[in-house]
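Both complexes below contain subunit A, partnered by subunit B and then by subunit C.
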Partner chain A sequence: MQEDENRAEKMKVTVKVFATLRRFMEKESQVTIESGTTAGELLLMLTKEHPGLNNELFDETGVLREYVNILKNGRNIHFLNKLETIIEENDLIAIFPPSGGG
Partner chain B sequence: MDGYTNKIAWVDLGKGKISIQETDAEMKRQYIGGRGFGAHIISSQMDPLTDPLDPENIITFMTGPTTGTGIPLGSRYEVCTKSPLNGTLMSANSGGVFGWKMKKAGFDGVVISGKAKKPTYLYLENGNVEIRNAADYWGKTTHETTDALMADLDDPKARVLCIGPAGENLDLLACVINDRDRAAGRGGSGAVMGSKNLKAIVATGDQQIKVADPDRMDGVKERIRTKIQENGICDALHLYGTSVLVNIIHENGILPTRNFQSCDFPNPDDVSGERMRDTILKKEKGCYACIVKCSRVCEVEGETHEGPEYEGVWGFGPDLGIDDLPLITQANWLCNKLGLDNIGTAGSIACAMEMREKGYISEGPTFGDGTGLLELINQIGHREGFGAELSDGSFRFAVKYGHPELSMSVKMQDLPAYDPRGLQGHGLAYATSVRGGDHVYGYLISPEVLGSPEKLDPYESTGKALWVKVFQDLTAAIDASGLCLFTSFALNADDYADIMSATTGTEINATELLRVGERIWNVQKLFNLAVGYTKDDDTLPDRFLTEPLQNGAPKGRVWERQPMLDEYYAERGWDNEGVPTPKKIRELGLGEPGIMHAHT
Partner chain C sequence: MLTPEEKEQFIRQTPILGEDGQEKLKNAAVLVAGAGGLGTAIALHCAFAGFGTVRIADCDRIERSNLNRQTLYRLPDIGRMKADMAVERIQGVTPYLCTEAVNTVITVENVLQMTAGMDIIIDAMDNYDTRYILADAAEERGIPFIHGAIDGFYGQVATTIPGQSACLRCIVPHPPPRTKVPALSATTGIIGSIQVTEAIKCILGMGTLLTDKLLLWDGLHCEMDTIEVTPLKECPHCGECRKMKTEQKK
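Entry: the complex of A and B
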């Protein structure tokens, strides 16, 4: 079959989840995404594959819950481009449900 | 009927004199309770230059008006004294049940001075105080002391606060333990009790604790109960305990390892709250009136006790390069039994490990090696062998061997579990804390990492000075109220003002509440200035200013002391040297007569 020249390049990223999210997916997994994928699109993809995640990460209106933190290579995407942050090859994405201590 | 019992017991152990005084109305208005009462009483009754281990030093144990009222998370009491570790006017906060029991015994608090001639304990029951012989309990661990007193008194309603061998041996790392495993941990207050031959305080009774406006209080309770239950952070605290932070802090690149040399601990998940839940956790536990239940009851090798918490897990784990969670748990329990501050104990061991690694000492523990860890902690508590070198904290140890730069401490108190190079605001809170290296006098981790109440960029220093001031002031007010600091994940200053108004019957708004916190902060600051602390002490170990982090997202960063520090002084209304201006002092009503000072 002829390769589609416009087809986006595939790449692998690592996704780590913590606390209650481990009820719904492996604590660490390799995920294949298309280049140009944003953090928001990655989360959407993950919630489709692991339906339980949705309620943990998003409220009833589909907005990311307060105190959910998504890190791209250790940097909170809130200080990058939020859910529009572009995920790059070999990135480590860490997803935390609301949690804290002291 | 205003949340207070309206009785404070003043005890002079040297003279064997007890005086029960009415809780001063003006003191209630200006300082609320808890940390506020302790700071006010000590600063107004005692020369700041008093030797902390001299009989003249005062130690107070104070509840807040909400303590024991049944309001969720209203369980706390505060120990205040001049710290023998660093000379600051310190406070240390603890939960459990003891604070409630002090109120049931009929007291808002106890003020203790003097030195008893022989081992002694205080017995508080229904408005009466007795000084009793503690000869049978001296030398015992906190667990043994508690169990023996409970058996001897044969009163299941009684609760015990005590010191262990560390306090008796005047370790400057000694803490106060209540309810077997709850610690008022920092600052060395256990040594002050030891110096007074005061082994324990027992509280029991059936006095009623009433609030000013029960109907309003019912509504307030319901509202804040809902806010706490619906708060995601509080929910995670219940499931995973405070150690849920291990992975969070690690992934942010700020989990210190090997005495803060780096933040690249290889196995954080092995010591995480998640791992704890999957392995050694027996059940969750809460303090009096708690609906969060963040405490862990764990089992290791047939022993079951409360703990550990995040700070202790980090201290005996990543900071020592150790990933053995059962051993870390045992190390924490041993600190509780001996009555040792686990942060200070772990920090001192980490310092010794780095000194050994660099060849500055020829004996002592090594990073990553848990062999002998429990024996070393035992030695620290009993001031024996090599451990005796560490009984007074890392700073004195590092100075003795000529390398003070390897003590990861602020104002001689060891730092907790967050690397300030990736946390500009939290670093400022460390540097300016009026009790020295500390994380609960201004927990900027909340906005800088957890995103509560809003997300602040941890690498940004601009604007942090005001945040630090507000967090410090609000925390001081919470510490005065008798509420647990964890309420602050769910509640705001308006909520606290509402709670206080319903409890005491004196209307207070959020601005006024913050002003009380600011007053407490300035009282402690003025005391510390009189002790001799200066602007030069409002800083962090050089490592954080000169050695950039080598890994993770904050790679290349250091802590930027200025201009944040000067901005902070300006926000506080202090001069360029960090001294409260006469205008600020007047504004806070300090330095003027007017408050009755009860005294024995």
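Entry: the complex of A and C
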């Protein structure tokens, strides 16, 4: 019983990636995470599974590239709690670098 | 009023836009901000759609390396001012088209003058510093701003309506590094065409706009997606904070 209580609850979220990130993973995936997982932890999970994403998302010092848009249900995590934003069950997480040329 | 000749010219689009709608376009003025890959596509489609005034702003001269995508220019045009040349190339599409070339850099200081008399601004810039200046001017003037950008096979479009939708900073709070991105005329053609479609709908008040949304085009996989962007209450440019400040000023 104690063991069950300690076991973190699992939940599913949808991750969609666009543009150059498509080179490294499918456009849409269902990802299973533990409750309380942050956006930063989710990104680390994704880069572990798809190492090519690492350079697209983080700079050489491991800091998230500021211009990469990470939207939790349409809200940019920049305006939430940044990488500490808690991901919740059934969240839709969209990740993409914006286009800039004209 | 449309003349009989104008009615004949637009006979294939009045079934969807209506004669009233065509007249609204005839009376509408658009600023095409930038005369590069996106801007040349946008300017041409605005002229063909029947906009009454097309003002084109760009401070650059035509270079050989522009000629893979900037479809209004030809080899003999190298060295000419882009805005001048673009205006020259779209003249004569309709009998009433009024064109204006602005051969200067868009700045905080001149943007309100540059947007005077405009009903809509279409973004064809290659950098976000200027995009934010234009978006702020659109907000100040209370006119729609149609954002567009490309990067190789990829592109994006969003429509912002001051006071009603998420602003450009809600959609792209941090710009990508300012670099020369790969560019393809097929991509600028697609994105520019979508931007003009949005502009037409804005002027005519029809259809569903790309407000609170970002359309993402992926030519490499031939996929188009629209993702929701929630307007931010705390956004200092379009959210509750700004509304509070505006109310305080009153």
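As a working rule, the second predicted complex is superposed on the first by the 93 of 102 C-alpha atoms of A that agree within 3 Å, B and C clash if a C-alpha of one lies under 4 Å from a C-alpha of the other, contacts with A are read in each partner's own complex, and residues count from 1 in each chain.
The rule is short, and it goes like this: contacts are C-beta pairs under 8 Å (C-beta built on N, C-alpha and C of every residue); 3 or more make two chains touch, one makes a residue touch a chain.
Here the structure is a predicted model, which means the values were calculated and not measured.
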item	value
Subunit B versus subunit C as contact partner of A:101, first or second or both or neither	both
Partner chain in contact with A:62 - subunit B first, subunit C second, else both or neither	neither
Which of subunit B and subunit C A:27 touches, first, second, both or neither	both
Contacts of A:51 with subunit B and subunit C, given as first, second, both or neither	neither
Common interface residues of subunit A - those touching subunit B in one complex and subunit C in the other	16, 18-20, 22, 27, 66-67, 69, 71, 73-76, 78-79, 94, 96-102
In the complex with subunit A, residue positions of subunit B that touch it	231-233, 235-237, 239-245, 247-248, 251-253, 269, 273-274, 294, 309-310, 439-440, 443, 445-446, 449-452, 455, 457, 459, 485-486, 489, 552-554
Subunit A residues within the subunit C interface of the complex	16, 18-20, 22, 27, 66-67, 69, 71, 73-76, 78-79, 94, 96-102
Subunit C - residues contacting subunit A, complex	34, 36-39, 123-128, 148-151, 154-156, 170, 172-183, 188, 212, 216, 218, 220-221, 223, 225, 227-230, 232, 234-235
In the complex, subunit A residues that touch subunit B	16, 18-20, 22, 27, 65-69, 71, 73-76, 78-79, 94, 96-102
